[in-house]
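Following are the structures in question.
In what follows, chain A forms one complex with chain B and a second complex with chain C.
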Partner chain A sequence: MISFIVLMSIVICFSAILALALNFQWGLGGMVNFGLAGLYALGAYACALLMLKGGFNTFFATIGAMVIVGVISGLVAFVTLRVAEEDYFAIVTLGVGEMLRLVALNEDWLTRGALGLSGIPRPFGELVPAEYYAYFMLAISAMLVAATVWFLNRVARSPFGRIMRAVREDDVVAATLGKYVLWARVRIFAIGGALIGLAGSLHAFYYQYIDPTQFSTIVIAYAFMAVIAGGRGAHAGTIIGAAVVMVLLEGSRFAKDIIPWLDSDQLSAIRIIIIGVGLILLLIFRPQGFLREYRLQVELK
Partner chain B sequence: MKKVTRRKVLKTLGAAAAAPFAAPFLNLAHAQGATIPIGVAVPLTGNSGPYGPDMAEAAKRTAARINNAGGILGGRKLELFIEDTESSASVAANLTQKFINVHKAQSLVGYWGTPEGLSSRPIAIQNKVVLMVSSAANAITEGDTQGYVWRFQMKATDWGIVISRAAEKLGFKSFGIMGLQNAFVLPIMKVFEERITGAGRKVMDSLIYNPEQPSYRAEVERIFGKKPEAVCCFGLLPDFVSIMREVYRGGFDSKVIALSIMADAEGKFVQAVGPQVAEGIRHFQPMPDVSASGYKKFVQLMGAPADRLFLFPPNTHDQIAITALAMEKAKSPMAVDWSKQIINVGNGPGEAVDDVVEALKLVRAGKNVNFQGAGSSCDFTPNGDQIGRGMGQWITKGGKSAFVEYVKP
Partner chain C sequence: MPAHDAGLHNNRQDRPISSTQSPMLSARNVVKSFGGFVALDKCTLDIAARSITGIIGPNGAGKSTLFNVFAGVTAPDSGTMSLGGRNIAGLRPDQLAGLGLVRTFQISRELGELTVIENMLLASPTQSGDAVWRLLFNPGRVRTEQSAAIAKARALLEQVGLWQLANEPAKNLSGGQKKLLEISRALMLDPGIILLDEPTAGVSPLMTKMLGETITRLRDQGLTFAIIEHDMDVIAELCDPIYVLAEGRTLMSGTFREVASNRDVMHAYLGKVA
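Here is the complex of A and B:
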């Protein structure tokens, strides 16, 4: 049981980094990212391919994946030059995400298509004994989550953080005050993208096998659920949100081990309903999410 | 109203988060004690959702039969943990971790789709637990599996061999080929194309299409527009439904060859497109030998009418049966020991028995058995591929599938 909790905690860690990236782009920067699943896949595939075909080690492959997803995300944000409206930008990201997914599915020579990539190496996989590996990976993942939160908090409280919020609230006002809105948006998306690349790399290390079915649109739904439940704009809240979503998803499986009259066919249908009801209740009783954004927290006191 | 602080929120959430994980501790002793846990991962929701429920039912009935006859290893009962893979590779990997780490299962059965099998394979090998899949892609058993991965299905490349031979026999001179971008379809398609050109037939065009497209008009026009005598289409039910609608609308008259999970799918295809569109489609699928007494006993066990065709549940039955027999043979519930006995009880040498309870009695008496399953004769190659499963051919006439023949690769 302990090892299962440890393993699921690793999943929570990389889901949390993904949710933090979305929270940074959408919660703080006001840029909706519906291409999340595609960019997440890009991160995982970039990391895996840099190791399997490029001969990189795990550390540089992760850095490489972060750079690649960051740069691509920055380029995507560049189109905000033309489509600054939130809805239009959302459609653009959706298209980009879909394109990336189709590339992963169809470019057999590179990604092995639907077969997926297997045998992905893990950081220090040879040095750490297999029975302790889960604990080791949890330690690394938790440190990365902590580092991400620390970094994002720094950014949110910096002058750039204020520009981000200004752009989110009203980009015309921000531009009138002499802020370079396009450049701010490119940076917001690129930083978020790099974090998506990090989450994707951890996903690849954890599962050691990636294929296009793992990056379906449901990934986007879970990430948005985590951000909304956690409180849009609040970093610590997002981590709690990611944990709650994961506990609801995996924990609800145990319902049938506890309740004897519930069998697996029924549970598989009921589970999704339970998760939905849980979120609706949360949004009714705590619409602002678990925690609040740093600025708004100050105002509350 | 009480003030909500971060600490309170964290405490409550922490407790709420821990509760579902902590609860199974209550019955953990029970799970680890006398019973033998088996993890059953089947698709109950998602795009392969229709195939899972009967597999779960077969697992339950097989385990109940073994338990009612006294269990294995001196009276220990099999305890099944059935979970929904949601037709997803990452969910299947999480389930596999749950089976191994929470329920301490040493045998993992079900695993319908190829991605589910591929994502669980490294976990099973690392933990030295036996993984028995129902998926076809060759990659599942390729490489070093250390004897822990076993396929209860015909290998994908063999599907291509059987179908190409049948297509040759039917006398078609020219072919068009369409395949879904999917891990198990691609090897079938590749082998089919190689074999059919090798037999001197002409492949006019072939293409791979993506899943979940709203329309396949361009693909259909390209392949059927060249007017080949026959078009072979390999994929799944949803894409085949829209392809055949386009074919009917376009008035193309090439004969269509497909898989039964597409062109029959227990009647769902005809329901979706109507008997006119489905008329004359030939379809193939690996199937149990319905004339074998092992299969007949299985249909009885399921309480189904004698002419009912089960494609996948007999494999789940065989997976549970082979697990029980190998454990009994090795006198150990640990996969490290009993994984070595799988070939022994499946291939023999020994007395051919098609009933798991009878076979268990013989093994207990120290005799050798050659178990004949419900889905196949349960013979394996040393790297875990199943041999001896055949393939059926049907033709759709008047909205019904008429059986043509049963052949082995």
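Here is the complex of A and C:
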């Protein structure tokens, strides 16, 4: 049971980073990202391939994955928003995400297609004894979540954070107040993308094996649920949201022991139902989510 | 009001706006159509420095489109525009804001989820914290600039009686307060010219009076205003000269008395009677 909790906590950590990235892009910046699953896959594959084919160590592979996903996200935002209205942007992200998934599935020479990539090295995998590795991984993941939140809080409270929220509320007003909206959006998407790359790298380290089925579209739904439940724009809330979603998802496996007449097929359907019902209840009774985004308060005297 | 005065007069040197140049903002033969509808049809208009220029006309005359074109929100199909003698065609809204031109909107577009003070700070032009890397490597500078911006915002908000509401999300303000916030927020940019789109629409008479006083005071301090307005009392009291727009063209311009006694203006407003 303890080891299950540790493993689930690791999953919560990298889900939380993924949800935080979405919260940054959509919750604070107002940019819908339906390509989240594809970009998450890109992060995991980039990290794995940099190690397996590029000979990078785990640290630089992670940095590399962050840069790759960040740059590609920024480019997607720049190329799309330069010519199209923001409404089309959501559709473009959907297309990009699907494209990335198809590349992972079909470019066998690079990704080994549906067979997936196995034997992905882990950070300090040779140094840490195998029986303690889960604890070590949890410690690293938790530290990365803490660092991510620290960084995001910093940005959210800064002038750039205000620009993000202004662009979300009304981009024309932000522009007439002297803010270059296109550049702001490119940065929002690129920074969020880098975090998606980080989450993807942790995913690759944790499973040590990745294949395209791990990055199905339902990942996007979970991430949006985590952000909505946590409260748009609230970082701590997003982590709670991610934890709740993951605990409901993974924890409901144990429902089999409590309710013996359910078989595993029924159970997996019920897990999704539980999350759906939970989200509906939340939207009815606390539509703003668990927490609220940071607002600057000044002393009035 | 010393803090505010300082704010207004330290306009950066590289700005093309100066009160000695006239006209400050001008449009020549500007055309803008939306599909088959011609919103601006060779519209020509000058806004003199340190004036409060009124722009009136029936609905659909092209007034708001003119403001959108001036502010870079909408690109004109043809024609030229200049600000302080500089050609401004094709500039983005944020570049125009950097040159000292700001517009407000007919229906106030406060940033509802941001507090009043955040709305104000957003518009502050000097913020190194706009760049993410400076947050991490030079947080002291970001903090110093923020305190300076808060002091400036405070001076502006106190003048319009909004300081006590500084921590309130802007969506909670009344209609009149939102209008005052929009103008105060525009002033954070140290603009040379402000385009006000129906500033008194939906505002109480008391608040309208306060707005009028604020506008006059700011003009006396060196600002230029162009105002779209339907309330003729406001136009009569504040504006000189007044431009009448109809069907995307400048019908005439002059003092309120001249405009009010003109037969063509009557026709434009009321249709061709008698």
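Note that the second predicted complex is superposed on the first by the 279 of 301 C-alpha atoms of A that agree within 3 Å, B and C clash if a C-alpha of one lies under 4 Å from a C-alpha of the other, contacts with A are read in each partner's own complex, and residues count from 1 in each chain.
The rule we apply is simple: a contact is a pair of C-beta atoms (placed from the backbone, for glycine too) under 8 Å apart; a residue touches a chain by one contact, two chains touch by 3 or more.
Owing to the predicted nature of the structure, the values given are computational and were not obtained by experimental measurement.
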Should A:Ser268 be classified as contacting the first partner (chain B), the second (chain C), both, or neither? first
Between chain B and chain C, which one contacts more residues of chain A in the superposed model? B
Would you check which partner chain A:Asp257 touches, where first means chain B only, second means chain C only, and both and neither mean what they say? first
Quick one: is A:Val155 in contact with chain B, with chain C, with both, or with neither? Answer first, second, both or neither. second
Quick check for you: in the superposed arrangement, does A:Ala90 touch first (chain B), second (chain C), both or neither? neither
Check the residue A:Tyr209 against both partner chains and state whether it touches chain B (first), chain C (second), both, or neither. first
Quick check on the superposed pair: does A:Glu293 touch chain B, chain C, both, or neither? Answer first, second, both or neither. second
Sites on chain C touched by chain A in the complex: 71-73, 92-94, 97-98, 102-103, 105, 109, 111-115, 117-118, 121-125, 127-132, 135-136, 142, 146, 150, 154, 163-164, 166-167, 169, 185-186, 189
Residues of chain A defined as touching chain C within the complex: 151, 154-155, 158-160, 162-163, 165-166, 168-170, 172-181, 187, 191, 293, 295-298, 300
Enumerate the contact residues on chain A facing chain B in the complex. 1, 3-5, 7-8, 11, 102, 105-106, 113-116, 118-119, 130, 207-209, 211, 213-214, 216, 236, 240, 243-244, 247, 250-255, 257-258, 263-265, 267-269, 271-272, 290-291
Residue ranges of chain B touching chain A (in the complex, touch as defined): 6, 9-10, 13, 16-17, 19-21, 23-28, 44-45, 53, 56, 81-84, 86-90, 93-95, 97-98, 101-102, 114-115, 118-119, 121-122, 126, 137, 139, 181-183, 185-186, 208, 210
